[in-house]
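Report on the structure given below.
Naming follows writing order (A, B, C and D), and every chain is counted from residue 1.
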Amino acid sequence: MIFILLYLAKKFRMKNKIKNKVKGSDILQLEVVAIGGYEEVGRNMTAVNVDGEIIIFDMGLRLDRVMIHEDSDVSKMHSLNLIEMGVIPDDTVMKNIEGEVKAIVVSHGHLDHIGAITKLAHRYNAPIIGTPYTLELVKREILSEKKFDVRNPLITLNAKETMDLTPNLSLEFIKITHSIPDAVLPVLHTPYGAIVYGNDFKFDNIPIVGEKPDYRAIKKVGKKGVICMISESTRVNFEGKTPSEGVAASLLKNDLLGTDNENNGVVITTFSSHIARIKSITEIAERMGRIPVLIGRSMAKYCGIAEDIGLVEFPKNTKMAGDPTSVDRIFHQVMKEGKEKYMLVVTGHQGEEGAVLSRMATNKTPFRFERHDQVVFSADVIPNPMNAAQRYMLEARLKLAGVRLFKGAHVSGHAAKEDHRDMIRWLNPEHIIPAHGDFNLTATYAKLAEEEGYRLGEDVHLLRNGQSLKFERII
Amino acid sequence: MIFILLYLAKKFRMKNKIKNKVKGSDILQLEVVAIGGYEEVGRNMTAVNVDGEIIIFDMGLRLDRVMIHEDSDVSKMHSLNLIEMGVIPDDTVMKNIEGEVKAIVVSHGHLDHIGAITKLAHRYNAPIIGTPYTLELVKREILSEKKFDVRNPLITLNAKETMDLTPNLSLEFIKITHSIPDAVLPVLHTPYGAIVYGNDFKFDNIPIVGEKPDYRAIKKVGKKGVICMISESTRVNFEGKTPSEGVAASLLKNDLLGTDNENNGVVITTFSSHIARIKSITEIAERMGRIPVLIGRSMAKYCGIAEDIGLVEFPKNTKMAGDPTSVDRIFHQVMKEGKEKYMLVVTGHQGEEGAVLSRMATNKTPFRFERHDQVVFSADVIPNPMNAAQRYMLEARLKLAGVRLFKGAHVSGHAAKEDHRDMIRWLNPEHIIPAHGDFNLTATYAKLAEEEGYRLGEDVHLLRNGQSLKFERII
Amino acid sequence: MIFILLYLAKKFRMKNKIKNKVKGSDILQLEVVAIGGYEEVGRNMTAVNVDGEIIIFDMGLRLDRVMIHEDSDVSKMHSLNLIEMGVIPDDTVMKNIEGEVKAIVVSHGHLDHIGAITKLAHRYNAPIIGTPYTLELVKREILSEKKFDVRNPLITLNAKETMDLTPNLSLEFIKITHSIPDAVLPVLHTPYGAIVYGNDFKFDNIPIVGEKPDYRAIKKVGKKGVICMISESTRVNFEGKTPSEGVAASLLKNDLLGTDNENNGVVITTFSSHIARIKSITEIAERMGRIPVLIGRSMAKYCGIAEDIGLVEFPKNTKMAGDPTSVDRIFHQVMKEGKEKYMLVVTGHQGEEGAVLSRMATNKTPFRFERHDQVVFSADVIPNPMNAAQRYMLEARLKLAGVRLFKGAHVSGHAAKEDHRDMIRWLNPEHIIPAHGDFNLTATYAKLAEEEGYRLGEDVHLLRNGQSLKFERII
Amino acid sequence: MIFILLYLAKKFRMKNKIKNKVKGSDILQLEVVAIGGYEEVGRNMTAVNVDGEIIIFDMGLRLDRVMIHEDSDVSKMHSLNLIEMGVIPDDTVMKNIEGEVKAIVVSHGHLDHIGAITKLAHRYNAPIIGTPYTLELVKREILSEKKFDVRNPLITLNAKETMDLTPNLSLEFIKITHSIPDAVLPVLHTPYGAIVYGNDFKFDNIPIVGEKPDYRAIKKVGKKGVICMISESTRVNFEGKTPSEGVAASLLKNDLLGTDNENNGVVITTFSSHIARIKSITEIAERMGRIPVLIGRSMAKYCGIAEDIGLVEFPKNTKMAGDPTSVDRIFHQVMKEGKEKYMLVVTGHQGEEGAVLSRMATNKTPFRFERHDQVVFSADVIPNPMNAAQRYMLEARLKLAGVRLFKGAHVSGHAAKEDHRDMIRWLNPEHIIPAHGDFNLTATYAKLAEEEGYRLGEDVHLLRNGQSLKFERII
């Protein structure tokens, strides 16, 4: 005997637009498979199966898990080990899904969205589709992989463009903003309505780099009919609206131009992939008459690529130092010519042991901190005790050296509660699946959806990794 | 066109005992209806429908909602208004349930479990079944009701007893512990297995008043087969195990016997219905050579009933004062004869404006606080900003008077995480529905269940008020 | 036998400039008397006695104390009662100070700095000196006082001006920024060096209304020699630098221009005296094509005066409604013509019961909230359980009405840790006395001072209300 | 010119008893020198100079500072380096104190009170005086020291005994309770009254090991006259009274006897020096029919000494394993014979990397954790991000292994606010100096003292490391 559980929803929200869509066809088969990121922040992966044609969205890493298992070099490890450790999505559930993978779509270039491609993509005979900046980052990942050989074709699709994936399915990239350039909101157009993959995004009207979100396109999709939206939920527990990147720039100006730092060293640390932030910093450096120097391997990688493909233009005198030799050289130069001539933008905002700022603080570089030097953390502490400890150690060392700490000049790249509400109202999706968060986040999203008339288990759904939601038609 | 959502669970947990149960019958119809308490702490109400025979568990109030709507006298209000205000469970969903209500079962005497009986019970042609102490409290509620006339028969069932409700259904009351005497774990025995209503409970091996939980009976039900457990979740986010009432008694002794209070007033406030706590306090008073006085309307009510029906015996010299005149008289006596001769046990641990302690602190009684008098709060602050404010005001006033505050002598009446884990392991239920809490609590319970091998949406279910879970047989 | 305690500082910081100052005179007599605000946030009052000539700085209220004592109408109460209740500074200690009060100097117009003038000033035969906006507010206070008749002369001194108080003492008003216009940093020039009264201030380079702080003047005073600085400490426990008012304007734009609110009501609440904030709001209203309406008694008072004396110019179509009749009239008009045409700026950001926003939320005005209306709190919650409770009630009611809440668009008016460090470095005072805070704040300030080379009890001093610090010359 | 600051206290608390004490002598010279522990929790050291005869109290370590400076082996380091790192007290200030050190008195055996003896004691020509258990621990410290040769005589003084130090000074050891056996409250009797060194203590009436505090002796000293009390303040910010060790025993019983753990491993971790706690644990083991095993180097050291000198008697079948070989052997035995036969008491409650529990969790011992094994943390997390991170890592690993965590069975060894109030009332000291805490703790103590009639800067004093408080007679 087998039980089956029916959530007998009492009132269904009927929508004509969807009704009309399914003209001739009698059988609808639509399934959303939650593979990763539905129980955590990190390792995002979702599959959508439309009548046997499968589209995968994102293949990401979960970095905090690597910390628990010491001494693991991810680049040399096998998928199955990484799955067992919870570092990458467990895509073995794909065996149970009947259909053929037609495309792997990446939303943006953060590692929790593209970092597992090198471990998983080769198992699928399908191209990887993304925007130019994202695909450049995917290429770098593939180059640094030591275990697997990933040969999936890479297909560029620009924001604001649409391409056909199969005769039945097309993919639209709506311009969206996030804390990395060239992020998009992928929309899968199916015969039954659109599937929107809203993971990750914010609504930023002063993004500093790139354009504003394409609100018109979002509303247009909403009007045509959205059958299901998958939405990130990492910051839905913040009331109000996430401030724009323009606010971060104002905060940086406040800290950097308003403090008595003329004769002191000025060091800033932020996310290497946050090109907009780094652009703001370099422009403030220019205004202060200091030479901006971008220091650190990943700092040079992300900024270099962004400049190479024309996404951003840093001030002409900006210097970059990625490999250890150039990092050393630039620090020697700074110490010799005078700190007050430079603004150093470095990796290590979480206090990571090997990163540039921690190495500076423990005198492992030629740089020496002095009393009244200024260090600006333009980043949140990732809320995790191990990060907190690393940051604490770093800050304790800086304070012992008499350094002045500034920590508030940051805004998030994730939508807050009222941003999400606008998204729901504009897209008006038939069903919503919150993603990218543990229960406390996805459940908070579900509560928001209930405020907008949805109901848990009826049209807003909490999935766990490995579960799928199937839509079927009754007559 | 209508969609229906199927959670296609990948692996079902098969259990022989349940298989065997459903011998001849081909059609199983079993439904759990979440009426109240599934989105909040408070207003508990659940219905279970077995082949058209419906059993209701609890009918409670949600008191914090009354505060938002000012100036509302609940005893005079109509059910529909109270439903709209969110104060009592919305039992209008019962219209959609096909079947006949056979019994209203109450688990224990707290108002969030029995407080809505006076507003809802008269609509059902069914008896109310509970333990002696619980039913006495129900009677008092009915007497003080000013709007409705409740005439349902009251049927006493003692802990450790079982009674037949219908030819198919029987009800067992397993002895359990909680922060009120005579609490039970109601078990509904059905042809398809047992339904356990675990809302509320703790596992207390030194309960001070009454016996320990009947672990043997719990395990026996578990062995026979539990198809579904409804479980409270109000304290599942606390790791470990809830301390026993014996610990509270030790803490009280520490505060009361270990402080230099010989020549000062000693006042203690706790939950009026917490008879075990009050017993410990009166016994410590005896040891200190002080006369215990129980002061306040509800203090006299709950303690009086408990003594009347033989649940507890307070020290012989214990005094009680419930109505305003006796309260005044006793305070006069205390002030005249000397505070150091008495130990005052009063209502008002949350700083409620009309309660005895707040009135004492604002000199609205003949009692006067003096420097170095001792006030012991033997209760948590209910985590809600309005309660916090009331308590803050009360404490600020006491401090201005030079009173010494003691706040730690309390233990909860609710199971913590590891208590719940033992319950799950002993009952081994086919399905679990966490109740009595908002998302953050029910979701935390679901995570615990997942640690024990359950899976959200498959065999542990998050219901919202008004939703039901139906079990049907396939084949 | 009497003990006297000597803090025998081991190393004294010698300063030539001060040496030279005290030429002919053999006897130095300088005393700073901490009267109010040294154990709390509120009721600021400090006296400085220089060779028998006494200058008083500020006479403020402590409003949270009024809440504890219910039903007290401050305007009708006597000083001694208010002193006993802790509502106003206890200036009875002035009896022990030998000398004559020459002036009462007010730093800015907030009630915790001027609110006790009506209760205390008449006891001193001395003029009240302040900037134009501050003095206008003092006048209003005097007019509404019902108990005392205050006739002290009011003398205007503009920011950037200096006046002689006595042959030995002169008063300089350095332009400073704070959350109210026309705030200054009063500097008392004495024969022994300057006394700087830094209570309250922030360093804001984009103040929206008025000029930036006069950094040049601050540094100049520092170069001449500061014998003692009294400094506020209310926000010294925040690392970094307080963001400028320009950041608040950006945050408001983000919330107001970036949300889908075209067809909904938009209501903003902020501090009535925060003219810069209100100016930003009205300008955003203009950009949104909405008519700004300033509603509430104190909103009309503070904004009206600011406009009258030419400190600010609101958009031409800005409306104000202060008295109950005009408030009602404007709400009728808004409801009739359509909320989407107006932006309402109202009092009540703390959820105060009688204030406009709370009255709106409980339908005590003609205004009706509807689903998706937007309410922006441009203010912090004052960290106090009673305020928290009021705000919670207000927010709960707004949420029940489906209102969208925005709470982050605010920056403080108080200096943060690194602002204070700059102030110390620029003024380089011989001694520092932190003020305007409880121990946890003044002690945090003392720790900061220790980072800059001071030492508790030696040249940074924690005073309690009623204590004084005397400087005497040895040899 | 030099300034000297006089706190001219307005009202002095006169006490006859002290007046009478100083009969013939015209000159009183009494000085309390704060050497270490006055700006932190850790490295306690205080000197009292009475007319040129100096008594030193405690010489302790500050362990959290060692963590910031990586890779430092304290046992091999020189005093001056350790002073510079802030690890041991900076006793170089002793050069400025005129007089001769007559004795080094140690209050109890915790490292923050005795851990710097090996680095500092050899500089003083004076004996070390302590109770038997404390001196045994001092001996072990001296034996493991690799840099200095400490040859100061060790003199035993039992609790409840008094000895003459010089013709003018005598030392009394009052029996007190703390989280280590044989702790005392040293009282220095001087011609001018008593100096009480209350650092550390709690008032525990059910101490499990040893006797209750000698309240009678405390009150007797108070009646004779206390000129100054130095008091710890580490837990003064907790309202009420610290629970007794008997409560911890009840909590342990609750966790260990009340959980379904019959067939599983049971592991407990607590402070190695907390002999009373370990005694309770072993007795519960006996009741459970399990063999208690004390595992870890320091566990064996502290428990071994306590048993050797007859302070405690563990159950006969108790096993100890200190050195690596025996630890390994015992784990092999446990795994072979069955975990359910043993109760393992191990070091590592803070998740310290090298400690036994962390090694167990990372499979560096023969022990293997299995699903449903029970781990009880009978200790608080020391509030410091690095400890938090270590504990987080440890707990994360245990949870991944399916271990059940219990964390509440602990009570502090430090007095809480109302304990301190009783101490103040009993001793009624002329002056109080709070110690053993940062500003936030010592300032909280000062507030408590103000509640009891003292006043900051007058008779309760906040000293910083290196400062001294001198008492002199006027006339």
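The definition used in the following text is that a residue touches a chain if its C-beta (ideal position, glycine included) is under 8 Å from a C-beta of that chain, and two chains touch if they have at least 3 such contacts.
Predicted model, so just to flag it, every value in this text is computed and none were measured.
Comparing the centres of all chains, each the average of its CA atoms, the largest separation from chain D belongs to A.
Set side by side, B-C and C-D show the greater C-beta contact count at C-D. In terms of their C-alpha centroids, the spacing between chain C and chain D amounts to 45 Å. The mean-CA centres of chain B and chain C are about 49 angstrom from one another, to the nearest whole unit.
The touching residues of chain D, when paired with chain C in their complex, are 1-10, 12, 18-19, 22, 96, 430, 439-440, 443-444, 446-447, 450, 455-458, 461-464, 466-475. Of all the residues in chain A, the ones that touch chain D in their complex are 67-68, 70, 362, 384-386, 388-393, 396-397, 400. By the touch rule above, chain A contacts chain C in their complex via residues 203, 205, 239-241, 243-244, 246-247, 250-251, 254-255, 257-260, 402, 404-409, 418, 421-422, 425-426, 451.
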